[in-house]
Amino acid sequence: MFKAVIEAEKFRDSVEVISTLVDEARLKLKGDGISVKAVDPANVAMVSFDLSGEAFDSFEATEGEIGIDLKKMNGILEMADRTDKVELELDESSHKLVIRIGKLSYTVSLLDPSSIRKEPKVPVLELPAHIVIRGEELKRAIKAAEKVSDYIRMGVQGEVFFIEAEGDTDRVKVELARDQLVDLKPGDASSLFSLDYLSDLSKVIAKAEKIELSLGKDFPLKLRFMVAGDKGEVNYLLAPRVESE
Amino acid sequence: MFKAVIEAEKFRDSVEVISTLVDEARLKLKGDGISVKAVDPANVAMVSFDLSGEAFDSFEATEGEIGIDLKKMNGILEMADRTDKVELELDESSHKLVIRIGKLSYTVSLLDPSSIRKEPKVPVLELPAHIVIRGEELKRAIKAAEKVSDYIRMGVQGEVFFIEAEGDTDRVKVELARDQLVDLKPGDASSLFSLDYLSDLSKVIAKAEKIELSLGKDFPLKLRFMVAGDKGEVNYLLAPRVESE
Amino acid sequence: MFKAVIEAEKFRDSVEVISTLVDEARLKLKGDGISVKAVDPANVAMVSFDLSGEAFDSFEATEGEIGIDLKKMNGILEMADRTDKVELELDESSHKLVIRIGKLSYTVSLLDPSSIRKEPKVPVLELPAHIVIRGEELKRAIKAAEKVSDYIRMGVQGEVFFIEAEGDTDRVKVELARDQLVDLKPGDASSLFSLDYLSDLSKVIAKAEKIELSLGKDFPLKLRFMVAGDKGEVNYLLAPRVESE
């Protein structure tokens, strides 16, 4: 059983976080919210997303799992204005999800959860450096890096968080000292990442007031931020690209 | 003889109504306005459009017929701001139309009306159900239907006007009771239509305060609405798609 | 030595003037500003651009010449908001240019000036007719001409400046009398030009309060206008297309 009402933009941002990695997802329904874990087909990035029932205007669910076509959901949510209420209701007998936006009523078939890739195991990582940065600022650095390369290096040097990208002939660098950040816990960290994943994520990142980054030396990047009016928690893990020499 | 001045947006909307169906049209000039009848190449939709001389700031015409390239006209009208005055003047000797927008003066060759497909005969239809709906609302339903199918079903069930579209796995439905509509005269009606035509028309539809729909059972859809500041009357007829079984 | 700070929009407009003609340019650095001369690969148009040191918030340079990839520069400048300060600094030892925008720092390799096409010799021309027109008005005429042709004719007839374009069947004409222009010095003038060049230039043209045009009979068009807050002087020369008969 699942029946809930949520503001369109909150649900749209939630769906977007997941759809940067996968086209189809298993939603775990619980009494107090929805959670999704997904890993991209190339096994480079992984997201763990928890949307609290408090993000909803009303939320009722019993434990269960449903399979959703995220692209289709995105298309339907486009029909809603930012503040429209989106009503979601599971029709268990017909195995369909009914989505109501104003006078529109969509009935979409659910996917068989067992046909969707299994939930990844999220590894526990101890990362030495921690940075808290405004979302808009991180997005800007990602956009700047795109101009010169397909890769981006992030790290901490002394008390300075740096983001840099290096092309064949050109380089871009952003250096942010502790007082230019929301917070910084220094540590030995410098890793290279594929820009593709961060570029896809940058629209949602820009909306977040702050992003917590955890970094190590040639270790994955951990991003943690809130969406859906601080009621949706995103934990995103991006594998480093280890340079061959 | 033809010489007239009209606000750019009024003329643009008028041209757009016709150009959703055909690229070239015969304009019938009369002392009190312009009328156009056109049918699309596939014979699925037909429009009959009457633009009153009152839509114009000034209007003088003697009876006649001119052939217009609507795409070209659209291109030229793009040069005008919404409230710019567009001056039209027929140069009979050179068989050209002069279009003045501010300091710009376009001279375009007319098409030979006899080279353009003949005016269709508009069939007289008795349709049992009549609905009056706000243009914006009808557009929204059309857009919603596009998400799941290439076809749209419209009909009346009891006192409720419904619009629905059904894809392979998904369905969208809009149901509007009498009090959610401008007006409703119930009748036995349910017909399937190609979305293409309605999608093309949806931009103009959205601008109309109200749209009169007439429907029957596997019968054509009749749309009647006003453009150009209520001085242009559009009568649009769309053939149903009769399902083969 | 070169170190300067300039408002993003001023620098962007300056780069755009040159990049309508060439992808790479030689910048001549002088104590009081920067100058560039460039000719397009087809030898049809030539620009001579002088950006005064006064366009900059601060400007220090010794005589020299650097080779710039204009496309790359445009891409980097997109990262800046209109009023952002752009800091430019030459790193002579590494042969690189450092571009700082807020916290971003780009380091781009310079091109070898000798690999870039030589500065053209700007011919001295005595053109009989002179017109001063608002940039926005000239842009509008260029856009109008694009609707019917790839060529544009400009000339003066009596006390009237005219711009016209003629397609196979259609024609557009703009006629501007002296009192509709900023200024007019009549003279025998009528020349045909390729629209491509003027279309590319039209965005910058539209920003200029006034454009000085000089014209002759089948002679080049000379455009003179200011960018970068009236501190950048553009002298643009466009060869006529002489009709073969």
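Letters A, B and C name the chains as they come in the text, with residue numbers starting at 1 for each one.
Definition applied: contacts are C-beta pairs under 8 Å (C-beta built on N, C-alpha and C of every residue); 3 or more make two chains touch, one makes a residue touch a chain.
Owing to the predicted nature of the structure, the values given are computational and were not obtained by experimental measurement.
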item: Rotation, 0 to 180 degrees and nearest 5, that superposes subunit B on copy subunit C via CA atoms; value: 120
item: Same or different residue numbers at the subunit A/subunit C copy interface, by half rule; value: different
item: Inter-chain centre distance, subunit A versus subunit C - centres from mean C-alpha coordinates, in Å; value: 45
item: Numbers and ranges of subunit C residues touching at least 2 other chains; value: none
item: Residues of subunit C defined as touching subunit A within the complex; value: 72, 75-76, 79, 102-109
item: Residues on subunit B engaged by subunit A in the complex (per definition of touch); value: 137, 140-141, 143-144, 147-148, 169-176, 180
